[in-house]
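Below: one structure, written as structure tokens.
Chain naming follows the written order as A, B, C, D, E and F, and within any one chain the residues start at number 1.
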Amino acid sequence: MKEGIFFGEGMKFVKESYPDIYGAVVELNKVAYTGKVLDYKTQKLIAIGIIAATGDDLATEKQMRSGMNELNITKEEIVDSLRVVLLTSGMPAFTKAMKVLNKL
Amino acid sequence: MKEGIFFGEGMKFVKESYPDIYGAVVELNKVAYTGKVLDYKTQKLIAIGIIAATGDDLATEKQMRSGMNELNITKEEIVDSLRVVLLTSGMPAFTKAMKVLNKL
Amino acid sequence: MKEGIFFGEGMKFVKESYPDIYGAVVELNKVAYTGKVLDYKTQKLIAIGIIAATGDDLATEKQMRSGMNELNITKEEIVDSLRVVLLTSGMPAFTKAMKVLNKL
Amino acid sequence: MKEGIFFGEGMKFVKESYPDIYGAVVELNKVAYTGKVLDYKTQKLIAIGIIAATGDDLATEKQMRSGMNELNITKEEIVDSLRVVLLTSGMPAFTKAMKVLNKL
Amino acid sequence: MKEGIFFGEGMKFVKESYPDIYGAVVELNKVAYTGKVLDYKTQKLIAIGIIAATGDDLATEKQMRSGMNELNITKEEIVDSLRVVLLTSGMPAFTKAMKVLNKL
Amino acid sequence: MKEGIFFGEGMKFVKESYPDIYGAVVELNKVAYTGKVLDYKTQKLIAIGIIAATGDDLATEKQMRSGMNELNITKEEIVDSLRVVLLTSGMPAFTKAMKVLNKL
């Protein structure tokens, strides 16, 4: 994973000032995205769905960008993961994520 | 999707007593799980991740069972989706979902 | 509001052991449910919707019972408030609340 | 419901690009807001309460505007629904919604 | 507690227009932050953790500022409370709060 | 931290079957609870507040037990952290946590 893309402003601050936390987060990221059977792209689509379901547009945008840049995830694939958000988490979270996606 | 598996007790009550709601939910389900590019199984893994992230063990169990029965999703695949839950949603949601999975 | 109905086990413990907290909660309840223009029943239906949207079945059951016992809210009125939950908060929260309602 | 008001930017994108999703959402909206016993206005006040409780100020503003424009819901009625938010969901969600309302 | 600092825009509107709600909130604040055994500063660190865990950056900033201004809570103490957020609530909530803190 | 107490059923399954995840979680726990300026007990009280605020009674009970057994946190200290939950997260989460505490 390219740090510059995935790790935003908050994480840069952590890296410089709290190396112990940074180390644990890097390790956590590696373990999280090193599936035994699912590939990184499928896991990233799961992450996009989970974050979009919380209704947090900034974090959703970051996840979508990271997925598109690092893994060539397409808008169409993201829409298919947001379909699940509509069903499981309701219309406000879904429309918010679609608005974010439309602007990317 | 096999109704008997996916649609639990609450939905049976809806079907019998509120056919208008039932119709909209069936339609919503169809649209949600009819991705243009992602297959049903990938979308189901996204659903499992989203529900597990909310920390709701009963709903998580229902999603896991439905994914295992309808789509032959393996425990290993579910663990790989829960790895993302650990990263995005914290340890309590992750351990709760792992406990549910361990009992299936 | 009849305390015996609305205030469950947790609140009885508060009343006996933490009278300062109890006093503030009673005051908060009074202010919350003394609308200037909406009646208590409408506000209770709002409360049922908010709690059901969180997916917490025990708290949802308590709110529904309290609304039915204190205010003669009907099952049909609760279903109409849960319709809004389906739209705003997704299918798992909705079906969970319908399951609770069906058993009352 | 006037689409132009209720359906924001995200939904316009859905309508143009994903007519199958759009169709399901329109149907869902109709079913959600066609109560058997509660009128649309009461249901809209429930929606405002549910969205405000999540602490999402943009979505809260959209709901409030839609309720005021389409249904002539008054600020006073919204305050009465936010009283319930204060009780059920705590002070940060309540004050955030009051701040939104004050600016409308 | 200095009102001017803790109570933001939304609360000023409440104070002027809804004195009954304002009274209940003041009382609630007093009871909440008058612990029997924990001091105000420890309780404020708990509040910062709870708000940061919800991923709401504006509310998190308000809590952090209030804690730093009223109680001389240090950035280092806030980081130690955000460590718990990382564990319990996941990386997005943690990094968002660290980004907020870094700008204060 | 005594593993037997803090790490419940779900984590035992992780330890046996997914040593890579287990390693990252142990590291995360260590980093989370090794504050630079706050002691472990204060951090644990923050964790109890965060978990109680989510309204998850099983996870809340686990956190309370762990705090009482490992760190001699008293019921009175927990109540003082739940006072903050009442203010920030509303009455249902507060009363649910008080009910859990009352039974310990």
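Keep in mind that, in the parts below, a residue touches a chain if its C-beta (ideal position, glycine included) is under 8 Å from a C-beta of that chain, and two chains touch if they have at least 3 such contacts.
As the structure is a computational prediction, the values presented were derived from the model and not from experiment.
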Between chain D and chain E, which partner chains are common?
A, B, C, F
Which of C-F, A-F or A-B has the same interface as D-E, meaning more than half of the contact pairs match by residue number?
C-F
Chain centres computed over CA atoms; the one at greatest distance from chain D is chain F
Please work out which of C-E and A-E is bridged by more C-beta pairs in contact, and write that pair.
A-E
Across the interface between the identical copies chain C and chain F, with over half of residue numbers shared counting as same and under half as different, the residues used are different
Expressed in whole Å, how far the mean CA point of chain B lies from that of chain D is 27
Would you pick out the residues of chain F that each touch at least 2 other chains?
21, 28-29, 31-32, 34, 51, 54, 79, 83, 86-89, 91-92
Within their complex, state which residues of chain B touch chain D.
20-21, 23-24, 27-28, 30-32, 34
Which of the residues in chain C end up touching chain B in this complex?
55, 57, 79, 83, 86, 91-92, 94-102
Using the touch definition up top, name the residues of chain D that touch chain F in the complex.
86-93
For chain A, which residues count as touching chain E in their complex?
7-11, 13-14, 18, 21, 25, 28-29, 51, 54, 56, 58-59
Can you tell me which positions in chain D touch chain C when the two form their complex?
28-29, 31-38, 42-43, 45-47, 49-51, 53-54, 74, 76-77, 79-81, 83-89
